[in-house]
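In the part that follows, the structures are each spelled out as structure tokens.
In what follows, chain A forms one complex with chain B and a second complex with chain C.
Moving on, here comes the complex of A and B:
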């Protein structure tokens, strides 16, 4: 398979077919937490794209050049990856505050929240050490750095897309008349269920 | 002792992490396709939350508050690694199915939340009660969700290839319940149900108080 089509498959597989929020249930806390209005969900999506790309690069490099060669990856990868992500996010926050106030205002408050967002850890783990999601992509047991980054980009854009769609739906739901017991979170779950029903339609595309 | 029991019951009832606080949802929705998976996942979560609560509580005076979050994460990550390796060795079939959900227990907000909100300010014995209560509250809701999904989604409940319960032969199960949307839908109805029950019992208690 040519490189381009492999990249396209990784991207589409990450963004739509294996959408991390609606078909894998990863990162649901921000999905229900910040989807109250459009603006915050856009800031959150931007921050997730940014952090995920950096986290995947870092974990890929550490796995490839430190953990795997030393043979300690199997039992050290969980603490190693979460520490890398946590400290990376902290540094990015400090750097952004100094270097780019505009960007910091757009996504600053979301950065600390993202540290304990399972979507970032899941994607970074998958990029460095594939196999958990059963991607069904004929690229062998490990991804190259380029493939890992394309995959991460797909996943994070899929995350943002689902989050923003859901926020748009919830803004409308605020005004809808729903039974009292369903007000707030129960109706949000049911809406998420219907939205995720739409994503079921993508499964099987390109045999993925 | 009374305080111990009250703390324990809080996690199961009025502060239930799933139906009331709604934290730690990801794992619950994802692994609740089978009762068997939900039981093992719940066991792992109960173990990690209780042990990390105890350790954080024992060392609560030695942990400086500026770096407490990284320390909590490392404590949690170590217990998760234990669970990860033990499950891989003893129940490889379940480990295969749970997959990424085992390492992701590290970032389950419920566990970090308990370390931060409870264990860091309380004595070890109470921290055990809190960990067990929260863990078991999480476990119960997950198992109920999994029972509904497995029973009505496949028509039977299976435990390691032995069928425990089977619905009448004429029942044709809808695959929707087993697919991803089913989890959201069933859970939405479950929260609405618990909320309705809670409101009803509150109203009754109020009526009883008025009569007196």
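Moving on, here comes the complex of A and C:
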């Protein structure tokens, strides 16, 4: 399989077929938390792309050059990755606040919210140490850094796409005559369920 | 209950009252679908009539009971539950067990429509939600129904011994051939005639593509559905099938494309409002439907393609919002 088609499969597999929100059901707190408003969900999507890319790079390097060679990866990877991701994001947030106020305003408030988010941890873990999601991606036992980053880009864009889609749906729900008992979160959960039903159509694409 | 009429310009009074009401539109849809449904009953027999009765009956009953419990005004007379039940039945294979069909109708009206506030508020096409729900919940029933060959149990077929009829749908056979050898083991062009006029494999709505096209054109001519959605849908479907090196005409005639493009995707509430948006929505439906057929695990993906685009419709509306007359577009 050529490199290009491997990259394409990693991207589509991460973004649509194994959409982290709607088929894996990971990272649902930001999915329901910020989707009430279009602007915040856009800021959140941007922040997730940014953080996931950084986190995957960091965890890939740490796994490849520290944890795996020392033979401690199998039982130390979760605490190690959480610490690395959380501290990295905090440092970047401090740096952004000083260096780039525009970027900070666009996504700054979301950075602390997702430092220890499960979706970020799951994606960074999968990029460094594939096997958790049991993705049937024909690339061998481990990903190269380039493959890990393409995969992470796919997952984070899939996250943002699902979040923005859901925000647009919820905006329409505001005007719907939903029975009182179902207003707000209940109908949002049902809508997410129906959206997830639509994503069932992607299961098995390319044998993934 | 607002009547959804395309591009209505509201000027100062006096206004001319149009006779077009919600009921009026729904009955036109029923009229456009009736020939296909009747032809399905004639050719497939009592099983098709049974399925139609169950779906429509349960849909109407759910609507009635919900409104009674929620103390809302009864909406049976607007015809929308009738259309949902009819569309649902047309999307199911004839030998669907009655309880699966009933569950689909219950979910379609109860979960996908009334829970969101009734007609005009549903985010997803109710009939498709019902179908997708049972297709995912009882996948075994759906997988078993065609391969068993429901028509072989009909007395006149077993008597005459039609041993050349295969049980699986043409799309399933085509998908299996493609997976096995990359080439088709049967003549695709020879399937145009049966697909157009009398196709016993697959769902009720696959009985005759020609009758569905006629019904769809009638709705377009009457101004009830927008031509942009079916045109974008079927056009993209043909183009993508051709790009995958398949027979484009076979792929638009087989499966649920005609029913989906003319009757499912054109649902007012779950499709975009702007003209550009509708075309883009149709193109999206065709793209996901066609790509799903060629790379997916299932031979057909009409239901999920349209549901996915239903989910995108509010976003498409946001992106294709028309400019207010006299206003200049503000730079973001």
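As a convention for this text, the second predicted complex is superposed on the first by the 208 of 208 C-alpha atoms of A that agree within 3 Å, B and C clash if a C-alpha of one lies under 4 Å from a C-alpha of the other, contacts with A are read in each partner's own complex, and residues count from 1 in each chain.
Keep this in mind: a contact is a pair of C-beta atoms (placed from the backbone, for glycine too) under 8 Å apart; a residue touches a chain by one contact, two chains touch by 3 or more.
Small disclaimer: the values here were computed from a predicted structure and weren't measured.
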Which superposed partner A:206 touches (first chain B, second chain C, both, neither): second
Touched partner set for A:197, first chain B, second chain C, both or neither: both
Touching partner for A:182 - first (chain B), second (chain C), both, neither: both
First (chain B), second (chain C), both or neither touched by A:169: second
Which superposed partner A:27 touches (first chain B, second chain C, both, neither): first
Partner chain(s) touched by A:61 [first = chain B, second = chain C, both, neither]: neither
Chain B versus chain C as contact partner of A:122, first or second or both or neither: first
Per-residue contact with chain A, leading partner among chain C and chain B: B
Doubly contacted residues of chain A, that is, touched by chain B and again by chain C: 179, 182, 187, 190, 194, 197, 199-200
Complex contact set, residues of chain C against chain A: 70, 111-112, 115-118, 121, 123-124, 129, 132-133, 136, 288, 291-292, 295-298, 301, 303-305, 307-308, 310-312, 314-315, 317-318
Complex interface listing, chain B residues touching chain A: 22-23, 25-27, 29-30, 69-70, 73-74, 77-78, 80-81, 84-85, 99-100, 103-104, 106-109, 112, 176, 179-185, 187-189, 191-193, 195-196, 199
Chain A - residues contacting chain C, complex: 38, 164-165, 168-169, 171-173, 175-179, 182, 187, 190-191, 194-195, 197-207
Contacting residues of chain A [partner chain B, same complex]: 22-29, 32, 75-79, 82-83, 86-87, 116-118, 121-122, 125-126, 132-133, 179, 181-182, 185-190, 192-194, 196-197, 199-200
